[in-house]
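Common to both upcoming complexes is chain A, partnered first by chain B, then by chain C.
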Partner chain A sequence: MFSKRNVTTYAIAFAFILVLNFLLPRMMPGDPLMAIYGDEALIAMTPELRAQLVERFALDQSLWQQAGAYFLALFQGELGHSYYYNAPVLTVILGRLPWTLLLVGTSLVLSTVLGIVLGLESGWRRGSRADRAMLAGLMSLNGFPDFFLGMLLLIIFGAGLGIFPLAGALTPYSGLSGLALVLDILRHLFLPVAALTLSHLASGYLLTRNTMITVLKEPYMLTARAKGLPPRILKYRHAGRNSMLPVVTSTGIWIGRVVTGAIFVELVFAYPGVGSLIYEALLTRDYPVIQGVFLLVAIFVLAANFLVDLSYPKLDPRVSYAY
Partner chain B sequence: MHIDIKKEIKESGPGKTGLIILLLMIAAALLAPVLAPYDPAQQTTASLLSPSLSHWLGTNHVGQDIWSRLLFGARTSLLVGFGVGILSTLLGTIFGLSAALIGGLYEKVVMRVVDAFIVIPMVIIVVLVAAYIKPSISILILLLSLLSWQGGSRIIRAQALSLKERGHVAAAKSFGANYFYIAWRHIVPDLGPILLVDFICGVRRAVFMEAGLAFLGISDPTLVSWGMMMRDALSFSYLNVWQWWLVPTGVALSLTIIGLTFISHAAEPVIEPRLRGAEIA
Partner chain C sequence: MIKRILSLIPKLLIPAIIASLLVLPSCATSPAEITSYTIADSTGDWGYPSPYTHYSRGPGYTRMSFIFETLVWKSATDFVPQLAKEWEYVEGEDAYIFRLQNNVSWHDGTEFTAEDVVFTFDYAKEHPYQLVDNTIVKSAEAVDKYTVKLYLSKPYSPFLQNVAGTQPIIPKHIWQDVSEPGKFTDPAAVIGTGPYTLADYSKEHGTYLYNAFDDYYLGRPPVKEIKFIKISEEMTPAALKEGSVSAGSIAPEIVSEMEKAGLTIITAPVAWNAKMTINHQKAPLSSKQFRQALAYAIDRESLAQITQRGHALAGSPGVIPPTSDWYNPDTPQYEYDPVRSQQLLEELGYQMEGDYFTKDGKELELELIAAADYKEVGQFIKQQLEAVGIKVDFKTLEAKTVDSKVEAWDFDLSIYGHGGLYDPSILNKVIMDEGFNSARYESNETLNQLLGAQLTEMDASQRKDMVFQIQEVYAEDLPALTLYYPKWYWAHDGSVNLFYTKDGIASGVPIPLNRMAFVK
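Let's turn to the complex of A and B:
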């Protein structure tokens, strides 16, 4: 199903992101070249380069012509040049992307699955001691900012107990390969994933639990119970499947949250992904990189949301009648 | 719609806990100048001291008293939190209500924009904008509010749509009441609990965001902020300072957010009455 409403929503979101990315550096007081290219570029700046850049961005022309030049470059896949890394922005980002995808993907899957299972169990036992303990525990966990949770894990398991490495994504210059390399990567991945998963567990849990509570009151649950079905089947097949639906709708929003959470967690663990890249770019005022990452991450989150929206009516046909 | 939100919060265990935590934080923020033994910004040569009677939580790398900074940090956190809470609830109410009452093309446009902003990852935008404009505290409040009223306005609109069909609104209309009068006299009073929940969620988001931005180092460096304290503490974590520098700060921040989470969860049946009685049991 391809509803008009959906497409308009995403078109507006996309347009806003592009316009913001274009206008922000050009609205800053002072030299726009400086705002577009950052401090680092000024060191490398020669009159020839300056003239070339001014021409490329049409900076001596009207805002409309600048916009034209900007969008033309963008649609050719040109995200600009980082003077700090002395490489095209796209190359810099793509080099970091696999680590972030690994971190975000693992955490997203783990937190969603764990959240659903805990939510189902908790909602099923609503009001019991186990339910209340889980509710209070997970809500408290939710209050810990991901970067603080990361730092605590780092201090306890990394520095204190020495079980896990303190930083990075693999042991440098170790020359590992094959299985040993995979294990090394997993060992480095464990703490960052734990921090991200734990801090994002609560949303899935709370949503599943809430839905479970309302689903349990449905007449078809009474029927299933009357048929004498065992609790396991009732819980997971009848109530569980229906309780998962809102979780699917929210996955899109969560992808955005986990991705932004990754920025902070990567910084804590010095994990060499896009998040650390943003941080380094903020420190060095490498504006082309900040802008490039911003654009790619925003587009990625929008695309993920859009796919979730598209797939939802297939999972729950009732929705297609709602439009 | 007539659910007593005060009762709802008071009757739930976590709700009460949350309220107490929040009140303590507010007290710490208000009384900071009285409770703090030192000027939080005063730099001294006594840097990186361990906790002692004169410095309860020791001092940081530029010799500032950590306990005093912790107290003043509550001010920044709660000021940003409540500022954004008020402003974003106000914006959400204005757009949600007007969309519901005016309807037509206006409603369509407003709701499409709202939907669009809900799918945009807000943190990323705030980081980008903050990286350029280095926001002062008031600009930060404005920025966060502009980006966070949309979720609430959706709920407010949905509620207002059902409220405006009620008999008393129709009666008011038949006497020639205008939109503004109807909204203010007949709809806003019944929206009270929803507005409160929206406000609390706004506060929580803002407290979180302020700390996050300061942690990334892109907020006003002259402000005393928990996020910035944690960022500084992280860079000295190889000295055992985390015990009195990082952990108390992180715990203060987490407690504030947890308190707000508990309150908003206890008040949730206001939005979803089917959840009522879930915790009381």
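Let's turn to the complex of A and C:
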């Protein structure tokens, strides 16, 4: 079903991304030597140390040599060695990736499911008081950036009421294991997930609600109603499925941003994620880490695209004939 | 709602009671046992705490210094013995003799001897340790099992501070086989002589766990366990109040609130300054008189009050802060005097036309660039210079972009800051060194000669005279202008008597986490 032509398109996009990925960090002003060691007054930057670092960072090599080394290593599955973290890039990223996936993945699922359900219910009851209240509430939530909601939640439920922890993904060195550890992780997860979910809920909700309202006017809905189907089936099977297309698209875009989508929330909650990693790597001009994370982002975006492409015909078979 | 809040009170009270119970024993001066001490840090990860893998900043050194020791160390007031019991300078030979402790063992039980010290300095010749200039020690020699002689390549006045008190001593039996120290992250890489051993380090969570080393040669450390955890600076106060954190750095604005909550506040002696860098290679800024006119036009006292909300001291044009022993009170101060500033500009041939000065029909305009952190400072300077008649085009740029423009001399004025203000050797770095963080000012022969001489003058009072003269000459020439020195605060629960080390930990780290506080 997936044509050769599609594969070529993906391959070209991926190759293009790899080249950009290599060039962009190096086009930023400043170099890692300056960024990592520049403003520390206590460093004894002797000519020997400088020479060693230049060699270690391969800054004495031409762009072509660096590119050759990078692509060669990449085909061997190597992402390079981080300048700042002084560790293999893959290790650095893999240490953080599970936490980002847990955080963003959970809130992605929650905000999508909740957005669809609320959107359907709201659209079904368009014009009612419940609909208007939900619309107004979610619209105003939509106006808050996620980090602001995060800070608000942290100040109220963390610092104020002391119900939730103030930072991190788990209590360090608590000696917990098994179920107690899982509960500890969930307790740390709650506020950041809440912040992300609440701030992203509105877009799915609005999309679903709008399509729902359009769909409800379709003749086939009248037919279905005339058949005497119960409202639950009407709402979810007939109207719901047809309202999901735009949400699937927007969720697909979101999946592409899973890796970096929580930068600010991660910073507010001191949560160990890839988002805060890219932030630190940019500050220190850590080219290998920047490349590694961008590569990951590219893979996620392409994979999300691919999944959306696959799921479209299932939701709406007409798409297959659209040429 | 009220009921719910009331029901929470016991939950809030219990940690508070526990915290206050923990605080009480500290009132006694004898070393009471403390089971666990938690330190908050907003960055978290500072690298694997081994000499060649910790990140090249003060907090990285501090974490390493709980495990690795130096020949000499510092208390709140002076140098104190560490791995060396005694030391002396042999003038005729440009050498230091260190007599070592003879009851020290490495964490793996191997005996510590002079061989390890000799090895450390030899190893650093090939693999420079980031915080010590490896060209200062020419050679190291073991006189006997517990005596070491270090020959200097030339006399170096801050030797105890910058070399003997900073270079971590590593065990020969482990490191002799290590060819790539930057990648050495074995458990063996954290075997030192210090009072603590590393129990865990997590890069992604930014946490460290240390256990007391019971066979420590100065006695069992009373604090059994030290934890470093990652928490944002905004949340540190709440964590200190609830007792989940024992110590942490706090913003100046909440000092009084923390004091009311019963926490102990300590203030760092000034270690850092913000500067206005001036492109002295380019007209009209290449004129000394012009630079002086700039200095008269900027009210540094108000700048510290307004832009730093009073949590800063006004800068001294000689770099060295007034709180330092090395400060020369006769340094020219350029008290705020806009009229004098205008006079100087008129003497240089500028004429006031409308709001701004002009010369040869061209308006006097300067470009000021700075990172977003200095937005308020930059706006303040723009306003003050424009009030005098110098038009300023102020731009905020990404920090590293500013650095590279300054490095390439592609700027007029810029704002940036640096630390290390404890030992006057910093003056050589920020005046003569290459790179954006230095004024790169070498056109005054007297200044060059004085800077060179103060580094090799082994007589303390003569060195002080030179440092005094340097401040006067530098402030007269003004290749850059120190604007303010911010105040830094830490809050802690008092269970451990934290203190700021004399002239900073090692070569000048302004963090109150001297391992001695956890040992005695």
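Here, the second predicted complex is superposed on the first by the 255 of 323 C-alpha atoms of A that agree within 3 Å, B and C clash if a C-alpha of one lies under 4 Å from a C-alpha of the other, contacts with A are read in each partner's own complex, and residues count from 1 in each chain.
By our rule, a contact is a pair of C-beta atoms (placed from the backbone, for glycine too) under 8 Å apart; a residue touches a chain by one contact, two chains touch by 3 or more.
If you're wondering where the values come from, they're calculated on a predicted model, not measured in any experiment.
Within the superposed three-chain model, A:Leu310 lies out of touch with both chain B and chain C [touch as defined at top]. Contacts of A:Trp99 after superposition: chain C is touched, whereas chain B is not reached. Residue contacts after overlaying the shared chain place A:Ala133 against neither chain B nor chain C. In the superposed model, A:Leu63 lies in contact with neither chain B nor chain C.
By the touch criterion defined above, A:Ile263 lies against chain B but remains apart from chain C after alignment on the C-alpha atoms of chain A.
By the touch criterion stated above, A:Ala159 is placed in contact with chain B and with chain C alike. By the touch criterion defined above, A:Leu302 lies against chain B but remains apart from chain C after alignment on the C-alpha atoms of chain A.
Of the two partner chains placed around the shared chain by superposition, chain B and chain C are both touched by A:Met28.
Chain A uses residues 28, 35, 151, 154, 159, 267-268, 283 to touch chain B in one structure and chain C in the other. Residues of chain B that touch chain A in their complex: 13-14, 112-113, 115-125, 127-129, 131-133, 208, 211-212, 215-218, 230, 234, 237, 242, 246-247, 250, 253-262, 265, 268, 272, 274-275, 278-281. Residues 5, 8, 11-12, 15, 42, 44-45, 47-48, 53, 55-58, 61, 127-128, 130-135, 162, 182-183, 185, 200, 202-207, 209, 227, 229-232, 234-235, 238-239, 242, 244, 398-401, 403-405, 407, 416-420, 426, 429-430, 433, 435-437, 506-509 of chain C are the ones touching chain A in the complex. Considering their complex, residues 5, 8-10, 12-13, 16-17, 20-21, 24-25, 28, 35, 126-128, 132, 135-136, 139-140, 142-145, 147-148, 151-152, 154-155, 159, 206, 210, 213-214, 217, 252-253, 256-257, 259-260, 263-264, 267-268, 278-279, 282-283, 287, 290-291, 294, 297-298, 301-302, 305 of chain A touch chain B.
Per the touch definition, chain A reaches chain C in the complex via residues 28-31, 34-46, 48-49, 52, 56, 84-87, 92, 95-96, 99, 151, 154, 158-159, 161-163, 166-170, 172-173, 267-270, 272, 283, 285.
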